[in-house]
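Paired with subunit B in one complex and with subunit C in the other, subunit A is shared by the two complexes that follow.
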Partner chain A sequence: MILSPKDKITTPQAAVIVINFILGTGLLTLPRSSTEKVQTPDAWISVILGGVITITAGLIMVKLSQQFSEKTFYQYINDIVGKWVGGLLSLVVICYFLTTSSFQIRAMAEVIRYLLLEGTPTWAIIMIFMWVGLYLIIGGINPIARLFEIILPLTVILFLVVTFMSFKIFEIDNLRPVLGEGIVPVLKGVKTTALAFSGPEIMLLLIPFMNSPKKAGKALLVGVSIPLIFYVITVVMVIGALSIDGVVLRTWPTLDLIRSFEVAGLIFERFESLLLVVWIMQIFATFTITYFAAALGLAQLSKKSIHPFMFGLLPVLYIIAMVPKNMNDLFKVGDFVGNVAMFLFGLLPLLLLIISRIKGGKKHETIT
Partner chain B sequence: MMMKEWLSKIGNKGKDPDKDKQAPASQDTTCPFTDNLHFNLECLKQEIGHNWDVHFREFNLGRTGIRSVIIFVDGLSDKDLIDKHIMPSLMVDFSAEYKQNLPYLKGSISKEFIKNEVLSISEIEAVRSIKELASKVLTGSTALLIDGSLDALLLGTAKHKTRAIEEPVSEALVRGPRVGFTESLSDNTSFLRCSGEIENLSLVKFQVGKRSKKDLVVAYIKDIVDPELVQEVENRIKKIDIDSVPESGYVEQLIEDNYLSPFPQVQNTERPDRVVAALMEGRVAILLDGTPFVLIVPVTLSMMLQSPEDYYERWIPGTFIRMLRYLAAILALFTPSLYIAFISFHSGLIPTKLAISIIGTRSGVPFPALIEALFMEIAIEILREAGLRLPKPIGPAMGIVGGLIIGEAAVQAGIVSPVLVIVVALTAISSFSIPHYSIGITLRMLRFPAMICAATFGLYGVILFFLLMTSHLVKLKSFGVPYLSPAVPYRLSEWKDLMVRMPLMMMKRRPKMLHTKNPIRKG
Partner chain C sequence: MKQSHSNTHPLFISLSVLLFLSLTGCWSSHEIEEQSLGIGLAFDKAKQSSIEKKLNEQGGAYSKRNLITTTYQFITPQVASSTTKQSGPQQKSYVNVSETGDSMHQMVRELSLRSEQPVTAHHMKVVVIGENLARSYKLEQLLDQNLRESELRPSCLVLISKGRASNTLETKKAGEIPAFRLAGIVENAYRTTRILPPMSHIKVESKIKSGSSFLMQKVLSADGQVKFAGAAVIDGKTHKMTGTLNEEELEGVTWITGKGKGGVVKSFDKETGQPIVYEIETMKSSIIPHVKRDSISFDVNIESVGRLSENWVVSAGTFKNEFLKNAEKSSEEEVKRLVGNVLEKMQKEYKADVAGFGNRLRIEHPKVWNKVKKDWDQRFSEAPINYDVKLTINDYGTTGGSKK
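Our next item is the complex of A and B:
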């Protein structure tokens, strides 16, 4: 098993993993998906609320995992609900990670085909991406964490540069009126925005890898807050520039925002290439960590070495990624995955926490 | 062998038993001397006499009529010393004095007398076996055999061939010491001793190479270095099992962590100041006899992009130059691939005017961007290599051929576009500005796969290449230290000496990744 004593990550690394997991497709689609539901310029408030909800759910998961700080979710769930139910739940979680992973690469391939490589077949784009990912995760959690640490500063710098360039076409009026139609539309969007923050679930698996599992809560808080800031900036800038009517019509509104202005005199007049660089790296991060999570799950369920599973999952991921026929199918998959995530990581951890507290209390009594 | 044993048995006959006891226990295997000079000489001549450079010089010792002989190797032994000090003092008349000296042996002369009264040189050693004598003579000592004496004297006349200390050729500096290591191990260790750290500098000697044994010294500062690191270095050196080690590059390749990686995991340097600085940080240096290149472990990628001058200049220019170097590394690696990606896939992403002018200049070029770029990049690599190997007087001619024909003429002939020539020149200059030769060559080499990625997948290919390379780098370790530290894992306190070079006032601690015993550098 890959869980050797030396293979530990620091608290900042755990936070960085959460950040990179969360940032992904959402950067490009969140402005549209949230505005579709909210229908007023207040989508950014939904994003904040979504973030807060995610933090709450994440903290529950952290509390749950900290009770078994030596074990991952796949291992301790058996202690809580028994072998059969536990095994089944683990499988569901593994499937969730697999689907998320495939969804990410397919979405990436679609954007690449749309913007960069029009004639290149999807399979070629996906396969080469998966191989690079495989090469990384074979090294275990530590190289993954280190790579994420390299990606993150690049993301932050390039993203901020690109977004603030778009100030040129930003109109504050597009964001007015604030709460013009009350709080109700905002609440409608909360579910969608909360889903864009899917990522804290990795804490269920990360805690046994951490140097100091007690600081997991802190890592989660930082890990969700930074994407929250990113998302709010994105939504505000996109709606501010394109107005809500413009946002709803576009598949990838963030990209269109960047494409819609030119800055003369710089090396690049258009900056979508920079945004794409950032975004591909972020997709790579989400893809590798979910891939690793799925392989880790299978390895721990079967109590075997992780490497055969990493190789074995490669074709599985590819097939799942190629299932959706078009963009609409793909977004449906995304919605479905989101709904599953809502149950798996919103409700289930709370239930498990309550059960384990009751059981744990009993055990405690019997011991003393 | 049989013959020799037999001879020595005869020779030993009729000697008093006390003398026999003095002889070493392992008599048979080591061929001891007899008291018969003639026999000894015969044995020795069988052993080493067939070599043309071994000289046997027979003479009468000190006018006493006792025959003796000195044996030395021409070129290895210091003939000056033999002619001016050894021979005269042996041939001067001391027949009267030696008879008064005790113990007085009839027909021979005691080695104590020779040692104490006659020879005026510092290194004298008595040996009893022919084998040992032969091997010592072949490394430059002079042997003195005296008739009737049971052992031979070895005189330390080995002459080390050294060259003068020169400025290192491979690492030039504007400011900094002008000394470089030489081929002599003792010179090189003396440079380290001269650094002023006397008490705690440990120089541990090993021998590598099974046939041609060479001395190798592992240097570290006892109260700074992590003992586990020293242990690891020593273990890896002990595991070296090869017949000969001509240069420290062999050692480097035999002890590195991952021999499949394109990145060098051991640093080599000709500069003593660089080695001393590394030792002070808690690293370990490996010096090999016969080469001026000293190895430093463990290393990180950022170390490879630094020059000692960064620290000698003030911190603001130091920082500026260092950042320039990082930029150069990125340019050397990615410029040609980005050119290919933007020209052949995403000409829409570059400014329209620029795109039009580039495409205009490319209109006559019959090749796709990849072939065009490969052609020029390979040409410039060949030029570089040729410039390196050529005898110095022909060098300028190379420049003319390379600069004029490859650059100017290729453009005029319409084989490549002028923009590409700029790109290639920029790449080449950037890669030459990297202070460390082996990492420079790695980056130059890696730009070819990057170009192929760019030609297949455009910008996406370049990003994937970057991710692949970074994935490799984050996995790589050099003697247990992550290759990309201190950049990742995040260690903010050490970023003071990463991209920027903060003032020395602020760099108070040694690098944490080395787990030093004494972390404080400055009070």
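Our next item is the complex of A and C:
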């Protein structure tokens, strides 16, 4: 696929894409998944550590991609490890994006079906969501970036307003003692929290689309830091209100935090719908960008136009989304996707970077 | 670029046509005029209402054990509007319906056989559990359905009633809605130390899971009137109600936790035996755990600033510091009595820590806490507790002097 000049994005846009990719299902489930592992009120420290690890992994990916700033991961991987291994790895990455995409829409459908539209069939919710997503990505990366730019400020404002209103039921004692049982429990949770930050992998594909690929590192830093702040606020507020014993019992703890208080005197008394609006927008963002990434991968792998793949993937996405039979299966898919991501984007880029450095170094020598 | 335009055009049209279809309305819409809004819920030991008995006689029963009677309080739009239009004699603005059975959800659904209006729990304000029931069933069993479903909000309050819980959902005052009355009294915590901080479903669930004993507000009822009186002690292991703290004991607990927002302390002047009333402005308490090898002890420091709000000692002049000091002293004595009284009750009678001593130990000495938390209530009942009360009278209102 030839990139038209209009298909370029600015550095802030790249950062916004990373932010919107990261914020997704995790916003509602992270307080529970992290507390389950940590078992002390220090889950928020785990979140910070997880974010730092993600930034490190992300910077490695950026360094790797910057060596081939005109190509996406799917294209340059062939240069590093050869056509066959490269093709295979590309396919794995495409599958990863597809599964993430389906996981997000299914999680979204489950929450909507349970809390908002009880009688609406899941397929009806998912399909409308997918069609709108398709409509967006047909335009390419630029419309995606611009839509994300609209979504983000709304997310930030609504989310902060709603979460800080829960201050009414916040109890600092629930967050104490800090590091009461040492650092070990905190480390246990780091894996889980790092997985909640999956998203920087989009940098592998984004750099050739950027106006100034050199600033990719900056975009990534901002792109991970803002979700990091969001996540820390979420975890602190949820644990502060529900206590660690209460958090682990709730399927969607953040939603229950908002459902646990009412504010009299304002126009609204209840704010869960606002939170859901934010969350659904974020799910939509994650869904579209992963959908686009998968379609882009297939297009570049087969060196054909991207549009047929976009349409072709639609039923595939739907089928994958409908595979999990119940909530537990769904969460298992989420864990699985996370584990795959850890190897695929935690270890692999480092390996590739080393290989490409060795190879690239030789090439440079011959040129000079 | 032109080519992609011609590609998207038919898609755009088909999409917008499809979206038109979705604009026609909500897939699963329910008209609000046709809903009956559940606002209160009471759980009691089974006792079928006369209507239920009559229905059963005619064969209106299904296979169930008659264990629990649930009473639902509704505001139906018809009832609500009829009271506003024609303020007829003693028109009730709510409807109470009872169902007996053994599953909470089945009982609700049974109601749809009795009324054309579907029940919604989105606006449920309060759940009252009868003492008899709370003593024989685990709280998490009774509240499981409430916590699981999506309609009832976790912010809905939970209370324990002394007598039958359904009686607390009755009133004789026209226009008054009993469920709102109960939820409203909880808001009065800034006026008295005898109301516990609100216990919503989510807080109850957290407490249950934490495995520590805790208190829940108790409510009495008589002749359509209610009164918040004391608290029910819920055991941390069985999650059943094991005892009651009376109003004064609850006051003591509030002083220990320091969570009170207002209220009064009445004491008697030593010389004249006349009452002196101290009104709380601020209250602060710190529980300091001390761990020495195997022994755990606590220091409780209670501090409060307030005003002299009522004084029957005619000879005294509040402009004199001397008198204020005496008043502080006697109020302190009274608070000490309240605290000592409830500590005795917690440690000796119920052997249950309901004032958050364990919580402080968890925060200050997490490692020790992990060792003792399994049989904490037992350890607590043996722990020595010292307490100190310091009250400061800041002002004495607009009357200062005395006849001299």
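Basically, the second predicted complex is superposed on the first by the 367 of 368 C-alpha atoms of A that agree within 3 Å, B and C clash if a C-alpha of one lies under 4 Å from a C-alpha of the other, contacts with A are read in each partner's own complex, and residues count from 1 in each chain.
Please note the rule applied: a contact is a pair of C-beta atoms (placed from the backbone, for glycine too) under 8 Å apart; a residue touches a chain by one contact, two chains touch by 3 or more.
Keep in mind that this is a model prediction, so the values were computed, not measured.
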First (subunit B), second (subunit C), both or neither touched by A:149: first
Partner chain(s) touched by A:128 [first = subunit B, second = subunit C, both, neither]: both
First, second, both or neither for A:110, with subunit B first and subunit C second: neither
First, second, both or neither for A:120, with subunit B first and subunit C second: both
Contacts of A:242 with subunit B and subunit C, given as first, second, both or neither: second
Partner chain(s) touched by A:270 [first = subunit B, second = subunit C, both, neither]: both
Subunit B versus subunit C as contact partner of A:307, first or second or both or neither: second
Intersection of the subunit A residues that touch subunit B with those that touch subunit C: 117, 120, 124, 128, 132, 135, 139, 270
Touching residues on subunit C, where the partner in the complex is subunit A: 1, 4, 7-8, 11-12, 15, 18, 22, 26-28, 150, 153-155, 200, 202-203, 205-207, 209-211, 359, 362-364, 366-367, 370
Complex interface listing, subunit B residues touching subunit A: 345-346, 348-352, 457-461, 463-464, 467-468, 470-472, 474-475, 482, 484, 487-490
Residue ranges of subunit A in contact with subunit C within the complex: 4, 6, 40, 114-115, 117-120, 124, 128, 131-132, 135, 138-139, 169, 173, 176-177, 180-181, 241-243, 245-246, 248-249, 256, 259-262, 270, 307
Parts of subunit A lying in touch with subunit B, wherever the complex brings them together: 9-10, 12-13, 16, 112, 116-117, 120, 124-125, 128-129, 132, 135-136, 139, 142-143, 145-147, 149-150, 264, 267-270, 272-273, 276-277, 280-281, 284
